[in-house]
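Letters A, B, C and D mark the chains in the order given here, with residues in each chain numbered from 1 onward.
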Amino acid sequence: MPATNRTGDIAPAERTPAERAADHAALARLADTLVPALAGKLGAGSLGEIEIREDGWAVRVRRSAPDAGRRASDRSADRARHTGLPGHTGPHAPHAPAQAPVAEPVASSDGPVHAAATAPVVGVFRPGLSVGARVRTGDRIAVVDLLGIPQDVAAPVDGVLVEVLAQAGDGVEYGQEVAVIEAAAPKAAPAAPSTDGEG
Amino acid sequence: MVSRILIANRGEIALRILRACRTLGIEAVVAYSEADRESLPAMLADEAICIGPADARRSYLSAPALISAALVTGCDAVHPGYGFLSEDDAFADAVRAHGLTFIGPPADVLDKFASKAEVRRLLATHGLPTVPGSGLLADEEQALAEAARVGYPVLLKPSAGGGGKGMRMVRSPRELAAVLPICRSEARAAFGDDSLYLEKWLEDNRHVEIQVAVDKYGHGVHLWERDCSIQRRHQKILEESPSPAMSAAGRKELAERAIKAVVAAGYENVGTLEFLVDSEGNAYFIEINCRIQVEHPVTEMLTGIDLVATQIRIASGEPLGFAQEDVPQRGHAIEFRINAEDPAHDFRPGAGTIERFNAPGGPGVRFDSHAYVGYEVPPYYDSLLGKLIVWAPTREGAIARGRAALSELIVDGVTTNVAIHRALLQSEPFLSGKFTTNLLDRVGGAAFLAAAERPG
Amino acid sequence: MVSRILIANRGEIALRILRACRTLGIEAVVAYSEADRESLPAMLADEAICIGPADARRSYLSAPALISAALVTGCDAVHPGYGFLSEDDAFADAVRAHGLTFIGPPADVLDKFASKAEVRRLLATHGLPTVPGSGLLADEEQALAEAARVGYPVLLKPSAGGGGKGMRMVRSPRELAAVLPICRSEARAAFGDDSLYLEKWLEDNRHVEIQVAVDKYGHGVHLWERDCSIQRRHQKILEESPSPAMSAAGRKELAERAIKAVVAAGYENVGTLEFLVDSEGNAYFIEINCRIQVEHPVTEMLTGIDLVATQIRIASGEPLGFAQEDVPQRGHAIEFRINAEDPAHDFRPGAGTIERFNAPGGPGVRFDSHAYVGYEVPPYYDSLLGKLIVWAPTREGAIARGRAALSELIVDGVTTNVAIHRALLQSEPFLSGKFTTNLLDRVGGAAFLAAAERPG
Amino acid sequence: MPATNRTGDIAPAERTPAERAADHAALARLADTLVPALAGKLGAGSLGEIEIREDGWAVRVRRSAPDAGRRASDRSADRARHTGLPGHTGPHAPHAPAQAPVAEPVASSDGPVHAAATAPVVGVFRPGLSVGARVRTGDRIAVVDLLGIPQDVAAPVDGVLVEVLAQAGDGVEYGQEVAVIEAAAPKAAPAAPSTDGEG
């Protein structure tokens, strides 16, 4: 299953753009060594959150909500009742953020590159292509009916349709992942997060 | 009664509508843009559905997305809140065409009351005095002629507008010619309608509005007035009731004339009639807002009547259920709009993450806000972060409560306009009740703050 | 008027007193124990001073520490809140001896009203009916004799107590003999006074109390009643007004008798007269609380009168300033005590750090709480974390608002009793208003919760 | 200056005692490698807080308030008005916790061992011994008048009085540090935090 790994997703406190860039670089290096060490040592247990303090520094290690890596179809099933709560500690986002309508392909460490096709509007899902179909970027995989007007669910990459995540007649929200494409030719994942809204 | 409402709005008003739904036993679905995924109303709702990207034109201003969201989530009604599509008759019509109840006036009533210029004419025929002004302005030539007729300065206003947006005061024909195309394109961008009209600019006026509620059966009551004269750039930032500028007889007469006129004109649901009051106490009708107002809690504090619940009940076809004598005007209430903006720097809007947060509380204090620790204030929408409303038996008591409550309010991580409210509560014109709409704009926010810091 | 008050208490009531001070323009200094260093009142106060360690005997119950703190911080008055030293006449006397104003009845009045047994006799002479009961119990022999006289079951009560602490219902002479020394030592530990008395235990009674306010000049008003029948282990958890069990004539008569009796008996400042009301509607006076009550906001919601500010004004020597006809009883209010305790496990108290927090809000909703995100609830004091008070024009409306508000309340990291309130709002006895003080204890918290979850 | 290093101060989410013990052990090991690495790489900058996320884990690094290590005398000066605010991010404790009335000596990495003598009650400070005086544990250094009754400020360790932090007539709060003793013979600081209320 194509988990959405977001290595190097950095949320610093108030900083100037220049300082942010420096933090970004420092943390990109740290992330490679620190995070796996923590995750490896503690990830197997049932631990939710740990905080270590020393002098002026505090390190908090937190595991996200169990559903953070779940698929859009699962998410939509329990979207009927949000259980998320405000606050700063703990996983306050009940669901992982939806991808932008045209998601970028992301690589897990070794496997093939997968990309999710998302609903371009809120509406009613109608399937189109079947699993196994070869697609090119921009091809219509399915449609979402917006008040009766079909809106294309476009393939985000060239590849093969490996899974359809919604059923005919399902209500889907904007940005919901409705299909998974296995990219035809995996490219190297970008070393740093790409800039917002471009690419 | 409707049973499941799509809340087609965001921020504090989405939360306010959610609360009314819960009180009435109605399920509430919050429609949110991607920028509002982590918002408090989305988290507290019975269901929440993403309707589009941050850009309001593709989310909160997209009628198809909102109606589709209502249908997909099994709603039987749509509440538009304020701003966005709340007074859009085409939206109300489309909502009804899809078998849903629009929480607000029916589309034909909205249509009738949509053009400000038309409404002024209509209500004038039902006995409301209006500010000298024009009809819709076809072109520059007509605008210049009308302005010359009523006399400069004039106020140029978008016919479809609200909340002070897109209004410009103009002092000369030359300025009018220069500003006209700008206002037109701003009006088009903001409201999808570039119709403009103009009114005589009344220097030193107050802004007083009458809240009304009228059911489908023509039974209407007024809920007294609110004084909204404390503004910056035509946007209200502090509202109170009763108006310190009106006599008991004056407010009663104006309120009674207002409700009589709108009932006669065929208005339906809750609404607000806005008036300018000049230094001699003459009131001129300027516009009607066919929706819930930001400042509705002021009236709720004085009357004990839930205006949003009333709106939902009326739209569901229920009779109003109370009479004019059941609407007291008890004590004094003041609302402080807490905006994410910097009064020391030209009210520049801000965004950011709320790092610490403490809401004021205690007797006579209400704080309507969608803020919480960790909330990221998005930069895409209006800057309203919350509303502090205080009540006390007297105006002096309400001012004291306001000071106490503001001292408890903590919003760290985002610049707010709290300083301007503190300054207002120290300013002689405000304390004496003798102020007009230009109190802040005459000197500017920064100068007003500086003056408040000076001793004496 | 006093100008600077030491708040000799903690938690939500310290915050409540701080708010009253701010409204009156009085400076507030919060006295805190080491366990409350990070508490909200300590953070919001004009000044905060550490008075001792977590152990209340060396901080909130230490008269020398509190008075020393008041002197060191330049205060001219001390507000004791509720619990702790709030009804301790020796403390009030020592406060006065150091030139400070005690916010509450003067020491001689407190002294006169300190012994519950004495007060029952005193107010009986002024026309209040009392539950058959004893005077102070000298020893076991006298206790057995008195219990035999009034008839079992009897309720054994500490004369200096309050808030239900240290009370025991006893069904037989054998049980009485066993429990007597335990109660005595508990009373000594809790109140520094081991005097006990007993009363006839009235099965199936309601607990109704009358709020009064009397100034130094003998001018007194009642502020109607509160029904506090929803209790667990003699501790109130939900209070409302008006009482659903009383007729308009009945409440008026009781309230008028109460204020007349306490004025005649020489009472001063705000106070509460507690009554048991039996199934035939007969009211028996049981005790007077010479302080602000936890549930005072219920009355504030109905009357619009700030009781803490009133208390401070009276103690400062000001006349009451309003008459009986200025005290309306408007609409219906319910208070839900939010305790850090587990109703499914015998109301076991909890402690911990609040990880997420959302306070309910909107029209008719008040939430008095010292909680915030990151607050560590200390294990040393009572479990009250906040009070949700809702108001609406009718009891049904208040119940609907209560449900809506409870659905918004989020307290993560600490177990609370919110489930018991949700269950109450579904229980037939509560909804019909036909309940007595044993509603919860008859079955226990866990069974009550389970019953609420069963359909139908 | 005697900073209070609290290495290994662990605040896990809801856990059983057994699980807590296991976390404790795991984190004690991690703390030695992770915290210095983070602090070293990022401590020099002006960074307030950083969060790194990967898969189901989040690591947050936070620097404490600048005044966390300040002395009681500084604290008492600005205690007249609390500026602290509630909330979970950022330094929400405006002042470091006061020491218990009898503070334990703490060692900074290399310097001499200092210990603070604290006010045993809230009251009015009256000086006693002068700077330079040799004291033994329990000796009266000064007094705090509680409603006219003097209460001893006791020396927490054997050593030399090196600083008196309050003036005659000052109001002092309970636990406020009023004097500093330089210990006569430094002992090794305990390797782990001592248990509450004992020792």
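FYI, a contact is a pair of C-beta atoms (placed from the backbone, for glycine too) under 8 Å apart; a residue touches a chain by one contact, two chains touch by 3 or more.
The structure presented is a predicted model; accordingly, all values stated were derived computationally and were not measured.
Visitor: Using each chain's Cα centroid, which is most distant from the centroid of chain D?
Guide: Comparing chain centres, B lies farthest from chain D.
Visitor: Which chains touch each other through the most C-beta pairs?
Guide: Of all chain pairs, the one joined by the most C-beta contacts is A-D.
Visitor: When the C-alpha atoms of chain B and chain D are each averaged to a single point, how far apart are the two points in Å?
Guide: That pair's centroid distance is 52 Å.
Visitor: When the C-alpha atoms of chain B and chain C are each averaged to a single point, how far apart are the two points in Å?
Guide: Centre-to-centre distance between chain B and chain C: 41 Å.
Visitor: How many Å are there between the centre of chain C and the centre of chain D, using C-alpha atoms for each centre?
Guide: 38
Visitor: Using mean C-alpha positions as chain centres, tell me how far chain A is from chain D in Å, no decimals.
Guide: 43
Visitor: For chain C, jot down the residues that touch at least 2 other chains.
Guide: Residues 40, 44, 355, 357-358, 372-374.
Visitor: Check each residue of chain A and list the ones that touch at least two other chains.
Guide: Residue numbers touching two or more other chains: 14, 85-90, 92.
Visitor: What does chain D use to touch chain C in their complex?
Guide: 11, 79-82, 84-88, 92-95, 97-98, 100, 121-124, 146-147, 149, 171-176
Visitor: Tell me, which parts of chain C touch chain B in their complex?
Guide: 15-16, 19-20, 22-25, 40, 44, 297, 300-301, 304, 306, 330-331, 357-359, 361-369, 372-373, 391, 393, 397, 400-401, 403-404, 407-408
Visitor: Taking the touch rule as given, give the residues of chain C at its contact with chain D in the complex, in rising order.
Guide: Interface residues on the chain C side: 34, 37-38, 40, 42-53, 59, 64-65, 67-69, 71-73, 98, 353, 355, 372-375.
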